[in-house]
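Below you'll find a set of structures to go through.
Here come two complexes built around subunit A, the first alongside subunit B, the second alongside subunit C.
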Partner chain A sequence: MIAIVDYGSGNVSAIADIFKRLKLPHTITRDHAELKVADRFVLPGVGAFDTTMRTLKESGLIGVLSDEVQGRGKKIMGVCVGMQILGDSSDEGVLPGLGWIPGHIRRIDPSTINGLPKLPHMGWNSVNIKSDSPLFEGVDPERGFYFLHSYYFDANDSESVLATVDYGNKLPCVVGSGNVFGFQFHPEKSHSNGMAVFRNFSLL
Partner chain B sequence: MLRSRIIPCLLLHQGGLVKTRQFKEPKYVGDPLNAVKIFNEKEVDELMFVDIDATAESHEPNMQLLRSLAVESRMPLCYGGGVTNADQASRIVATGFEKVSVSAAALVRPALIREMSEAIGSQSVAVTIDVKANRLFAGHTMYTHNGRQKHKQPLLEFCQQAVLLGAGEIIINSIDRDGLMEGYDLDLARQVRGAIDTPITMLGGAGTAAHMQALIDAVGTVGAAAGSMFVFKGPYRAVLINYARPPRL
Partner chain C sequence: MSLNKRTYQQCSHCVMDTSDIKISFDANGVCDHCTDFKDNVLPNWRTDASGRAEFQQQVEKIKEDGKGRSFDCIMGMSGGLDSSYLLHLAVKEFGLRPLVFHVDGGWNTDIAVNNIQVIIEKLGLDLYTEVINWNEMRDFQLAFFKSGVPHLDIPQDHAFVATLYHFANRHGIKYILNGGNISTECVRNPKDWLYYGTDMAQLKDIHEQFGTIKLETYPFSSVLFHKIYLRYIKGVQVIKPLNYLPYTKAQAADTLQAEYGWRPYPQKHFESRFTRFYEGYWLPSRFGYDTRRVQYSSLILTGQMTREDALERLKKPAYDPATIEEDFEYIATKLRISVAELRKYHEMPLKTYKDYKNREWMFDLGARVLKAIGVERAVKR
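After this line comes the complex of A and B, so read on.
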């Protein structure tokens, strides 16, 4: 059972709809007992870093998620700002992140981008897959994914960068460390490539 | 490489979808939920909904409808129409829309753009500006309330102000060209592109994929939005939802 963590931020229903289409057992929940029996988690998130972190804190779910993910090694995927809060800290805010993948969230430097537009990074972009992770099975990297962001995950360990996107510099767009994964783009809004990512995560 | 976005723009009117010409003669073209299902299958880049009744009749965004559209959609969504405060923007994002557009309320009170960007992030704040070309001198005049209310502030100055306040995208909608399918106003696109560095989207005038390619050739990576060309087919404007796009994308 995949639990989509319903802490009050992000597009839980669109993600649930994908799992429904994939015919994969899933639930949208903030119930501790349900989170404890789930075998993996999706952590959505939209908006500013601090707002998202504060919302997660106020939901009272950090303890149980930490036990299940850090303690029991269950797999989790963060999406968009749900990915960013897996890091240690952010240029966008002052609150600490969860720190489950070592790294800092930086604002994209607009001076690195040739031509216009600059920020936000908005639209469909190709990705460069950097790992043989089964997460990318069936993904067409040229077609890529839908991006909508001005900040990116600058991972401390280059080994945890699983894919990058060219926007000015090569920016990490999929990160992973052990059982914790993060996706900067919106897989729930990326048609067949996005569906492939969710299917692959469910099989990890 | 970041690609241009080809965006169907659908107008919500009295619970259904309509298409107008120069903001007049709304013609019924179908059901919004059904349109989302068809565009899912066609794997469109982005989809934009505008409630053309909301500001004109001063009613709030229809959250129940937006939620049902968002649950069904596997593509990014933008909503515009009747948004007057940051709380509404947050609730729209919570239904599953990626972007929220403001127009009339931001022209009256530009600080709304900052409030929205603080609530939902700049990347999710779009400012839509309806414009008409001036007959007597070069340039364009901004309008709201479905083209009935005129604004004095110069267009490019307002675009720059909106970006400074935190707009992540500027959407320019040409009232003169709406529904005519004769091509975008490329000079207007160049002027706006030259004034700001955020993503821009042009709406109004596209009739063929070649019109969209001409826009991309003129201003580079851009949002190319259209209504008529994605809902009509043939000279008699038979309703047929389709997703014709430039072959090079």
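After this line comes the complex of A and C, so read on.
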């Protein structure tokens, strides 16, 4: 069972729709007991870094998620800001992140991009896959994914960058370390490629 | 190349001309768009205190019905002038709580993205984005190119409308705010230029003949679904606030620039890179249809542009000849065809909506009914 963590952030139903279409057992929940029996998690997130961290904290779910992910090694995938809060800190705020993948969230430097104005980065973009992770099975990197963001995950360890996107510089767009994964783009809006990613995550 | 056999004539009051095949003129050389505006639209168009009061009443109802819900209405946001100003008014002046909905058809310009972002951020709203399956959109757009018709923008337009209606329906939202307005759109694009975007018979026929893949997720909405089922069975109302309030292009753009850092577009509908190419270059150069005529004529009728100014502007092409090669390259690459193939579609024999299956009679009948009961004043013909 995949638990989509319902801590008060948007986007949960769009993600649930995909699992429904994939016919994969899933639940949208903030119930501790349900989270404990789930075998993997999706952590959504939209909006600002601090707001998202605060909402997550107020939901009282950090403890149980920590136990399950850090303690028991269950797999988790963060999406968009849900990915960013997996890092240590962000240019966008002052609150610490979860720190499950060492790294800092940086604002995309608009001066690296030709023409004006270019933030947020919104729309389809092809990606460069950097790892042979089964997460990318059946993904067409040329077709790419749908992005909507102004910040990116600058991982401390280059080994944890699993894919990058060319936007000005090469920006990490998928990070992973052990059982923790983060996706800057929106797999739930990326049609066939996005469905492949969710399916692959469910099989990891 | 032209489908037009008429002797050239231009309206003596606006800038519509015989490129609109069905245009007619009175003894003074004034066209039917102008007389229709004067006789049917103007007498029913109130943007003074009475118009405001009428809209205010609707606002109270929307708020009342929306109590206890996260949103009281929904509106589509393209980043263009109409939807941007509508959002500003709805939130800042009337205190409505719209769910702001953006459909990404894959052709957003950077300015559009910027405009959406700055307004959403400043107003502290969330943006709901629905993304159309690009591979299907691309194939559907190519099918329209291959069909040879002028209304190439249907795949985008239809997807925007259909996605919004389906979303409203799924989430039980009863009020749809729409940026459609008399002020900048009182002259409608003739049917021969831009045929009805929700004629499913036409969409299906063109897709069946020229599409190469199944449209599995592309959103369809037949006119029966959104004009009959949603409106009369589900009670979903479409409201056009800009018709009750003073709304002029220049003032709206000034307000948005000053308050949000919004950026203007060189031309209406240019928030989409595809539409910019299509309305700026493709339609005028392949068919002789210049949508600026329609836009400028609207502005002339509503006192926002002089006829002289419009004529002067029309002397220059709507596209930039210096960058048109680049545009061809961009559009072709994005559609995953060669520039040569795209040019081939540009040169192929001209077709019209009549060359494909259609339910024109049903739409014409619907338009006449809506006009008769006063729901629509400016009617497409």
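Here, the second predicted complex is superposed on the first by the 202 of 204 C-alpha atoms of A that agree within 3 Å, B and C clash if a C-alpha of one lies under 4 Å from a C-alpha of the other, contacts with A are read in each partner's own complex, and residues count from 1 in each chain.
Just so it is clear, a contact is a pair of C-beta atoms (placed from the backbone, for glycine too) under 8 Å apart; a residue touches a chain by one contact, two chains touch by 3 or more.
This structure is a prediction, so every number in the text was calculated from the model and none was measured.
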| So if we stack both complexes on subunit A, do subunit B and subunit C clash, or do they fit? | clash
| said: Contacts for A:R54 in the overlay, against subunit B (first) and subunit C (second): which applies, first, second, both or neither? | reply: neither
| said: Looking at A:Y146 after the superposition, I want to know if it touches subunit B, subunit C, both of them or none. Which is it: first, second, both, neither? | reply: both
| message | Touch test for A:L119: subunit B only (first), subunit C only (second), both, or neither? | response | both
| Should A:K130 be classified as contacting the first partner (subunit B), the second (subunit C), both, or neither? | neither
| Can A:D17 be said to touch subunit B (first), subunit C (second), both, or neither? | first
| field | Touched subunit A residues, subunit B compared with subunit C | value | B
| task | Tell me which partner A:R106 touches in the superposition: subunit B (first), subunit C (second), both or neither. | result | neither
| Touching A:H32 in the superposition: subunit B (first), subunit C (second), both, neither? | neither
| request: With subunit B in view, single out which of the stretches 25-33, 79-87 or 367-375 of subunit C clashes with it after superposition. | output: 79-87
| task | Report, in rising order, the residues of subunit A that make contact with subunit B in one complex and with subunit C in the other. | result | 46-47, 115-120, 122-124, 146, 148, 186, 189, 191-192
| query | Within the complex, which stretch of subunit B touches subunit A? | reply | 1-5, 40, 43, 45-46, 67, 70-77, 90, 93, 96, 98-99, 118-124, 168-169, 193, 197-200, 219-221, 223
| For subunit A, which residues count as touching subunit B in their complex? | 11, 13-14, 17-18, 46-48, 51, 81, 110, 115-126, 146-150, 166-167, 186, 188-189, 191-192, 194-195
| said: Residue numbers of subunit A touching subunit C in their complex, please. | reply: 10, 46-47, 115-120, 122-124, 143, 146, 148, 186, 189-192
| If you look only at subunit C, which of its residues touch subunit A in the complex? | 104, 106, 108, 110-111, 113-114, 117, 126, 129-131, 133-135, 217, 263
